[in-house]
Amino acid sequence: MDKQDWSAKKVWMEVVPEEEQDLYRQSGFGERQPFGICPALIVIDVTLAFTGSKSQSVADAIREYPTACGEVAWDSLPRIARLLKLFRDRSWPIVFTRNDSIDQAFAGSATKRVRSKPSPPSGQEFPAEIAPLENEWVLEKAKASCFFATPLSSYLQVQKVDTLVVCGVSTSGCVRASVVDACSHGYTTYLVDDCCFDRSHFAHCANLFDISAKYASVVSLAELEALCLSHSPG
Amino acid sequence: MDKQDWSAKKVWMEVVPEEEQDLYRQSGFGERQPFGICPALIVIDVTLAFTGSKSQSVADAIREYPTACGEVAWDSLPRIARLLKLFRDRSWPIVFTRNDSIDQAFAGSATKRVRSKPSPPSGQEFPAEIAPLENEWVLEKAKASCFFATPLSSYLQVQKVDTLVVCGVSTSGCVRASVVDACSHGYTTYLVDDCCFDRSHFAHCANLFDISAKYASVVSLAELEALCLSHSPG
Amino acid sequence: MDKQDWSAKKVWMEVVPEEEQDLYRQSGFGERQPFGICPALIVIDVTLAFTGSKSQSVADAIREYPTACGEVAWDSLPRIARLLKLFRDRSWPIVFTRNDSIDQAFAGSATKRVRSKPSPPSGQEFPAEIAPLENEWVLEKAKASCFFATPLSSYLQVQKVDTLVVCGVSTSGCVRASVVDACSHGYTTYLVDDCCFDRSHFAHCANLFDISAKYASVVSLAELEALCLSHSPG
Amino acid sequence: MDKQDWSAKKVWMEVVPEEEQDLYRQSGFGERQPFGICPALIVIDVTLAFTGSKSQSVADAIREYPTACGEVAWDSLPRIARLLKLFRDRSWPIVFTRNDSIDQAFAGSATKRVRSKPSPPSGQEFPAEIAPLENEWVLEKAKASCFFATPLSSYLQVQKVDTLVVCGVSTSGCVRASVVDACSHGYTTYLVDDCCFDRSHFAHCANLFDISAKYASVVSLAELEALCLSHSPG
């Protein structure tokens, strides 16, 4: 499990001043957790509302859907598809999340956003590249974290899952909130950095730094594939 | 309530590229929520473990307590004391949080940190400047968010609180996690930026940006004081 | 508020031995809580799966839907309709719950019941007598309590609700579980005994006794109507 | 695992009318769940406040502690001690719960009980017969369920527990609430009927009936011992 080069400098670390990275290391942050024996994949909110209907600049994309993230979404879709195949090939559990527009109309949405009149729910479909199969769970949630006010942890308990692999959107919003909750719930958590995206490159990098320091092991898709190969005969 | 200059450029915004700030505004993030009629103050983890026993460089401070934040902690203590006075003068509810070292020994600590042997709990005392009074609640928590696995929301319901004012440490850790949960629980939330601190200036600023965009109204102590003055005859 | 005769012996008390009732009184159980100023009505699971499609013996009803409760369901529907009118006339919040069959297929159902093959979801419609209006929230839940893994408490917080009035089915199952959670969440809770029903008369009575002793004020529809009349000009 | 005589009529069934028991069987309630491979024992609230300081009538006991249960408590202590030994011999996780009097002073107690002045916390010690060992977790909780607002589920996740064995007090209060939550969280749950007690014999029996029908497998200590012997080489 430890053969891949974890010490490789991640691109997103570049936004963080070198001396502050040093302080974190001295304080003991950023430790790596061993990958468990029963992993599940959580795909956070990769719906048209966040990808837009096609690859285009984020400035154009937000005219279609206010929460769309632009080209970074479409760049990551083929990698998320590879991640899905990795789990499907091993019959490991997969959970897709998306917004529950009915619950949000009553209990409030995932952010503090106040809208004078609720817009009709839209963009709740999944891009074909990463669409859930018939028998896969699409878990609807009202808030940022996939654990908040959902039965996700009951499902993971029934499935005896011990490790979560998280990807999706946005790194600084629902992904961050879900990873913090995953850690609080006691799961070993892996975040796949090149299978996450965000409308802000800065926020994407800054959140990966926090997550890596405190809540999850942040790896690339290639690193995760290597972990999974060493995990099972494949 | 709207007299203070909210458009004032916050110092922490400087870490975020201007064009990404523009995108957030176009997407409709960063809206302000009206301050409610029954506010409570949550002081997150301002114990010696995070402040150290005195003002010193963070490099020195972490030799005393690995999680200490250095001078920024001590710079903010007088402001947190003013914030406490503001709430005490109005008899508004105040909750202090700190780590529950017994629960953490069994259920795991607030971050993914793995320790070969659990260190004895230490630094759980409060600096004199901001110490809780006899009748104020010191809520012990095991995880990052003050809502996670604690009866905080039951207390706030009984007290009919509608607005949370949050301060403390670390901005990128327990403060961020608590503010995200406060938003998910349906509270109007205000974060007082100069009453929060973090071992990393970069992480402090980057998290204030995220929080301001999505989860809470981020104000200075001066702005909050103005809000409270306009709120009650005082 | 205290004019109605609370000392009236409730029918369901008859199942409990007199001397055990005495012990509860000596121990200080069964205290009454004042009705609040912002009540909400929670109608638990009053769908065809629990009422059946018409009034018939429970032995016949369970051949149509295994969870149907028979005549007691249909006896209570006109009273539940009156309770709904009471809240609609005052524009007080109303929440209907029902089973979320998708979440239950993954996270398990509301009881320990194990089925070799999941039956198709059925009976999720509401009887016409008590059907939700267009703008009323139908909250889907996977487990017994309406609070468990749902955003109900976020909604109640946003609406500033301080008192819950609960009715529905079954008294010994989802109603009991919801009332216990309502108490834990800090709500003053009222249960309307003749607007609740259960396939077992014994379990109905025994659970009303427990609920009355520990978690909620148990009143009749007539008592609740009197409380509401004294509450608002109506 | 299935060798013991599960069809044995339980004493507590006698309070329930025979024809209502028939209806439950016809509806498919009361199914048995297989015992898992990683069990944990939860000992609910077996402190002096609920046992009293010695075996005496419940009428006398409640003069010492209002929540004391009398002789039934002391009758069950030797059996709870045997249950503890069963788990200690196998190094299986054990969690003791008791009331958190600080949190209860702020967030409210486990029932709707309103006290004009909070009594000083008392009776929080454990009877010597069943006292926790140095390294066993005493989990303090504010509300009825051991899961509500506590990090219990995080601990069980970290320990990979799949089956809960529950005992303690009171059957109709904190035990019932904990078992319902255990089921909702996805755990296979066993309740040991002769290691639970309640101030009311009626409520004890009526709640065992509900729990057995819907939430847990209710077994005697002897049945559980047989299950555990067949489970491990012992």
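To keep things simple, chains are lettered A, B, C and D as they appear, and every chain counts its residues starting from 1.
As a working rule, contacts are C-beta pairs under 8 Å (C-beta built on N, C-alpha and C of every residue); 3 or more make two chains touch, one makes a residue touch a chain.
All of these numbers come straight from a predicted model, not from anything done at the bench.
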item	value
Same vs different contact residues, chain A with chain B, by half of numbers used	same
Which of A-D and B-D has more C-beta contact pairs	B-D
Between chain D and chain A, distance of the C-alpha-averaged centres to the nearest whole Å	39
Centre-to-centre distance between chain B and chain A (centres being mean Cα positions), rounded to whole Å	25
Junction residues of chain C, two or more chains touched	107-108, 143, 148-149, 154-155, 158, 184, 186
Overall pattern in which the protein chains touch one another (line/ring/star/complete/other)	complete
In the complex with chain A, residue positions of chain D that touch it	153-158, 160, 162, 184-187
Chain A - residues contacting chain B, complex	15-17, 20, 23-24, 26-29, 31, 33, 58-59, 62, 66-67, 107-108, 110-114, 143-145, 148-149, 172-173, 176-177, 180-181, 183-184, 186, 188-189, 199-203, 206-207, 209-210, 213-217
Residues on chain A engaged by chain C in the complex (per definition of touch)	95, 102-103, 105-108, 137-139, 142-143, 148-152, 154-155, 158
